[in-house]
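Please go over the structures that come below.
In the two complexes that follow, subunit A is the common piece, with subunit B as its partner first and subunit C second.
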Partner chain A sequence: MPSTRPLRPFLFTSLLLALVVAVAPVTAQAPKTGGVLVTSPLSATPSLSPHEESTIATVQQASPCFNNLVYYDPARKQESVDTIIPELAEKWSWQDNYRNLVFFLRKDVKWHDGKPFTSQDVKYTFDMVRGAPDAKARLKVNPRKLWYEAVEAIEAPDPYTVVFRLKHPQPSLLLMLASGYSPVYPAHVPVAEFKNKCVGTGPFKLKDNKPGELVEYVRNPDYFVKGRPYLDGIKFVIIRDRSTQIAALQSGQLDVAGSGWNKTNAENARSGAPKLIIGEADSNVNDNVLINFKKAPFNDVRIRRAINLALDRKAYLIGPRQGAATFGGALLPRPAGVWGLTAPEVAKLPGMGDAKKQKAEAKKLLAEAGFTASNPLKIVVATRALAIYVDTASWMVDQLEQVGVQATLEQIETGVWHPKMTRLEYQVALNLTGVGVDDPDAQLFENYHCGSQRNFSGYCSEEIDRLMAQQSQTLDRAKRLALVNEIDRKLQADGARPILGWGKQYEVHWPHVKGWAVHENSIYNVGRRQDVWLDK
Partner chain B sequence: MRTYVAKRLVIAGVTLLGMSLLLFVLMRLAPGNITDIIFESAGYVDEADRHRLEAELGIDKPLVVQYGRWLGDLVRGELGKSYRYDLPAWEVIKPRLPVTLELAVLAMGFSIMLGVPFGVVSAVRRGRPLDYALRVISLAGLSMPAFWLSMIIILTLVRSLGWIPSMTYVPPTENLRANLFQFLLPALAVGYRSSALIMRITRSTMLEVLREDYIRTAWAKGQREALVVWRHALKNASLPVVTLIGIEFAFLIGGLVVTETVFNLPGVARYLVDAIQFRDYPIVQNLAMLIAVVVVLANLAVDLLYTWLDPRIKYGSA
Partner chain C sequence: MATIPAFDLAIPETLPVARTRRAAFGRFVRKNPLGAVGGLLMLLLIFAALGADVLATHNPVRTSTHVLVAPGGDFWLGTDNLGRDLYSRVVHGSRISLAVGLASTLVGGVLGGLLGLLSGYVGGRTDLLLQRVMDVMQALPILVLALVLAAALGPSLTNTIAAISVVIVPRAARVVRASVLSIREFVYVESARALGVGHARVALRHILPNTFGPFIVLLTAQLGGAILVEAALSFLGLGVPEPYPSWGRMLSIAAAEYAQKAPWLVIYPGLAISLAVFGTNLLGDALRDSLDPRLRGS
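Moving on, here comes the complex of A and B:
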């Protein structure tokens, strides 16, 4: 017995510690209800209809109003098929070897106007989005129709079951349905009303929408997730000027900000208010170079490769991106991304090697193509007239001049940027691309498929198209990853749309803001904010 | 006098018609239209969808038809619909008007209250330390653009007090005190430059008037300084000052765009720039016309004020 005595104090202490550890975090972190969170989004939203827009501003300001069938777990930083959680669907099931996706819906959900939510709402929404011939409504602008091309029919056999019937297996469909761009709309509200109003099932009900000024929500007391949301409301205040945004955060008028900020903005904000907390994460927005495949001499692979090699990625990181980016290919690189290339593979991509050697090789390639010091390649580098674009494009001009290319910068007004890109009215351009979902189907078809509306470089490869279709239907995840990486390597070798890097995102908040989730492989799918609370 | 006013109103009508044509043409000369912007924000362009949208908005019609329709609507008092927000244009403009009006009036009031007395004092105390001090203040006002001054005010406040005016608009009917706090600083930022201009013009015209024989006579007769300066001299020196105030009021809108942005005030000046960027023709055209009407009326008011300030001026006779 004496041998056990010395352990008694330790046992007691251990038990006490275990108790403290078990209880303390719960009591310290127990969410509080109430309060209105004030934040400033990227910009004013053109509407409250995510299906019709392609800007994060809409997703930020409309997401609290809506629900999806399924959504990405806000608490898990990396979005993948494993982090999908139920929302309006209680559960789901792939059937017939991934040709039917069946959703079993919640029965306790009401729209904000009190009408019950049923499977007809789901059918109505996604028939409209996929542009079905018998759809009951039509979207004025339908940017994500491509996501639903594999859907053959949507059936609603009873009020709480929906079946998506596919032309061929497409595991990515579930991931795209979980995006912030895929909310369910009410069938009884005309879609045009979502320009300025919002009737959803989400945790917050629209209180006020002053276009271009503010969007204000109040708590939905009938929300189907019991105990949520924690906040009494959310206010999105549109502040156009970045310096004013920073001042508003520092003065405490905003609880959280940072959308569209770079590292310097975030650090400036904290320098004036040291208690502010900066969150830095990867994002699925990349800086990419568009080289017009339809215009000579850019249809010459040597020219494309020379341009790609001339752009020293390490200089890009230090220069325009101020150290806040990661290198990668067509898909966000691992480990932040799910489908991108690994670091050793990324290190082998054009532009990643020794700058001097690569520039020498670029000069050699240009000479082979007939462009020398006496007959230099003269190009216009087009970019959108926004600071975040112009900074990188100016750097590009400098890099190209280092290999003897006579490059001039053309700033294109933001309103005509996409029309010019779609019509391929440029030679070389610097572009930013954000993808709603970190998924090969969402990323590759849109940007690289022959004839896609958003294939701004005019790149077209039958082999790549075939591989894209193949990966889309591959059910084994490891095999699919291998295929996707193969596509990525080929795209980079072809100079299809050289990726300079993937930018980091910043959010800056006061310590009293809790539960403000950020995902590292998408900025678009985390806007519900039902778990956010204020520790005041 | 009535004939003169009637003539001026006819000229104003012709001016506004010319203005409408200029506006219409300039907007159409800018590259792209609202459908480009809509598809731009959606990140793609589908030609079929675009043509459908153009037809819906009526911008597929010939320009002459579009112009005629707009003028017809204006005459009927219909301002059309905002392309961007799909709301009646008046519904979009109406809540923004009081914001800009309040800021403009406060800024103008501030510049007159500061500019005129400082100009008079500077002229009367010519060559003395006070004159130099006031001239430095006015030179500083002319040298500091409104956007820079606005930003300096915001940054200084947040750094020194940890406070800035409210970033959401507080109507005076809701909380007058908070509203004044919100507007005083932007009014100061905008009005400072105008006050400097007014001060310089007041000073130079006052210097001329103070050299006139009738002023010397007044001094010789032993009249009090206040009476000579403020009653006899200032009234006769005020014609160029009033002209300048009229012109400055028109130019004020330009300064308000930036100040409304920096202080996050939801006024029409900032909104006009947004509307131009979005090629929201009904908003741009109607707002610009509204501003043109204000400018034309302000000029008319200034001209009419001349007759009160200087009874020698007679309108309506050859």
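Moving on, here comes the complex of A and C:
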């Protein structure tokens, strides 16, 4: 009788294979269609026009309606030039040594009102945003005009080709066009209508917009990406109170938590609903100190340095940020960021050393500038009247008092915060800055260039401007990184806008929510949500 | 002839004032034990406010790396999310609560009292006009009116006092006017007028002092309300701004966020507000019982 033993390994392997095949559908589930996802954004949005706003609330609530020429791949956590994917442009090509950027557009795209999408829409949008003399429309507020300063002309030689002609090479242009702040608008819809309405090409069509209450979308059946979106709709419900948001998530009324949650919020939510999933990531949002360069005595470098040294970064991490932040300079530090200073360089920045020694040095600098215990420096620290700002600003007031500065806190309502900062109507302020694209051109030009609308400290250095222009045109990545780091070091030494730290983001959702992407070096470029599905 | 026994009308050389006051105080405590508790709580509040610098164990605005430490050891009531000592903040918070409560009650009470006196004494169109204005002010709930004013004026100690004072004005005006309406018909007032005493003197010297009873009761009752409104305004970010320790502010967003993790952040400031308001209310009720002739015998 032949032995059955030689068959045993074969049988065992077959069994194992069968098991793997049986389990496979569970581990790599096919996305399901249908269902309406309910979430709560950071706050109500002032409009549905991302080009005119500077808040994540607008990007969150408007992104499902629009498309860009190109976008960042939602599935890849770190955004870079290598993670850019096509949207309205099927492909693109840099020509003439980064002087011309040519986009070849899709031919099967329709606006939500049924009209065809063409190259004229792209030209209309970006002529308007860059403030071209012959632009067919103007934006009321244009916070990112500087992004497109290098664009000399936009041409639409045929309905499906667009050429961006540049004054000088600017490899960053492609990255900025991929931002959630750079959607394409329809040329046939007046831009003023985006205050409350939205006509886009995106995966979702606007169903209802009750300002301050909710923004509701339904699936766009004509979306050009076949099989997307998976969801039947998305509902953004405005819940102002954080503890109500937590209760709504715990009770299942929300599928995903609103943004802007800190670690404690996330842990509180999970303590009442253990199945909730928490994701922690860097966010490219920094806490920074604005020191008004246009007002005496803050134009004295000794005063700026003293303020910078007085703020003990380690205490900031433990106190206001509850351990959920990283340290860095003007750009998000590595490894989450692409262009930031290295850890050893960050460790040498003002405020990072021994707290006692630094406070003693701050006192000495203040004394040299003429401010002593008998003649203290009296300042008002302004901040936005939101808990996340006020906590850090209160901490800051105390840190300044420890070096003899008599500081008082002024809370400013959100509606007037940015206009006041733009007009430099403050002495010292605690601010939060979210970076739209982890790219030196986007971050540096917007916040540090002489005359930029969002250069809230009024800092202006010809040398820095020259270096900014130089890095922008540098094609070799290593050389560019070296230049960017040099700029960063100079900005920190000048106390241009002292960075306290880079906050982390906490994303909390129920296990049935799949494909909810989070990027670690920007919170602005993952709002399309066409790949999100509900496993219900 | 029967002799009428002589009464000993000799007056002691020194009046036992202290003994009389002690006896009166004893009677008040026996008749109003709850009022005495209220008075004790008020005394505690005043003591904490006056002695905050000595009673506090830490600087109430000094942050530290001892974040959300539970009560005990160096930090008797624990620390908040910025590492500030909660006991010291609660003690110093009494200063703000009492200052805002007393100042707003006095400003609102005096202003409202004078308006009530004018309204009741002059009567006619002045009375009609002033009372309609008071109607409008009283039609709005206390907190809503204070919120509107505080939002318009901006968060600061002075603005908080101003906002709460305005809320007290119509209430004080109503109480004083009601007293003036009855007092002005008394014979002694008519006699004063007949003797040629001027209106201002009649109003201020002969009528106003007689309205003090109900007025004081009102002020005591409003004090608790003022403390509560200050706490509510600070809770909503419209009262006394950070980093100054205000009980309402301590209860606000940060505390609400950390309440699960660090319940002491809400328990102690909440308890302080409750006791202060409870104390003023009990004292107010007791004073009303003692000063109101209709309730005195009951």
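Following the convention adopted for this analysis, the second predicted complex is superposed on the first by the 510 of 536 C-alpha atoms of A that agree within 3 Å, B and C clash if a C-alpha of one lies under 4 Å from a C-alpha of the other, contacts with A are read in each partner's own complex, and residues count from 1 in each chain.
Rule of thumb we're sticking to: a residue touches a chain if its C-beta (ideal position, glycine included) is under 8 Å from a C-beta of that chain, and two chains touch if they have at least 3 such contacts.
All values reported here derive from a predicted model rather than from experimental measurement.
Student: Have a look at where A:P31 lands relative to subunit B and subunit C in the superposition and call it first, second, both or neither.
Tutor: In the superposition, A:P31 contacts neither subunit B nor subunit C.
Student: Looking at the overlay, what does A:G279 touch: subunit B (first), subunit C (second), both, or neither?
Tutor: After superposing on A, A:G279 lies clear of both subunit B and subunit C.
Student: Have a look and say if subunit B or subunit C is in touch with more residues of subunit A.
Tutor: B
Student: Touch check for A:Q322: first (subunit B), second (subunit C), both, or neither?
Tutor: second
Student: Touch check for A:P143: first (subunit B), second (subunit C), both, or neither?
Tutor: first
Student: Under the stated touch criterion, which partner chain does A:S243 make contact with: subunit B (first), subunit C (second), both, or neither?
Tutor: both
Student: So, does A:D391 touch the first partner subunit B, the second partner subunit C, both, or neither?
Tutor: A:D391: touches subunit C, not subunit B.
Student: May I ask you to decide whether A:T414 touches subunit B, subunit C, both, or neither, giving the answer as first, second, both or neither?
Tutor: Touch status of A:T414: first partner only.
Student: Would you check which partner chain A:T264 touches, where first means subunit B only, second means subunit C only, and both and neither mean what they say?
Tutor: In the superposition, A:T264 touches subunit C alone.
Student: On subunit A, which stretch or stretches are contacted by subunit B in one complex as well as by subunit C in the other?
Tutor: Touching subunit B in the first complex and subunit C in the second, residues 243 of subunit A appear in both lists.
Student: Spell out the part of subunit A that touches subunit C in their complex, as residue ranges.
Tutor: Residues 242-243, 262, 264-265, 267-268, 271, 314-315, 318-320, 322, 385, 387, 390-391, 393-395, 397-399, 401-402, 409-411 of subunit A touch subunit C in their complex.
Student: Which of the residues in subunit A come into contact with subunit B in the complex?
Tutor: For subunit A paired with subunit B, touching residues are 44, 46, 52-55, 140-143, 192, 195-196, 210-214, 235, 237-241, 243-244, 247-248, 250-254, 272-273, 413-419, 422-423, 453-454.
Student: Would you mind writing out the residues of subunit B in touch with subunit A in their complex?
Tutor: 31-32, 36-46, 49, 52-53, 84-87, 92, 95, 151, 154-155, 157-159, 162-164, 166-169, 261-264, 266, 270-271, 274, 277-279
Student: Where on subunit C is subunit A touching in the complex?
Tutor: That would be residues 61-65, 67, 81-83, 155, 237, 241-243, 252-254, 256-258, 260-261 of subunit C.
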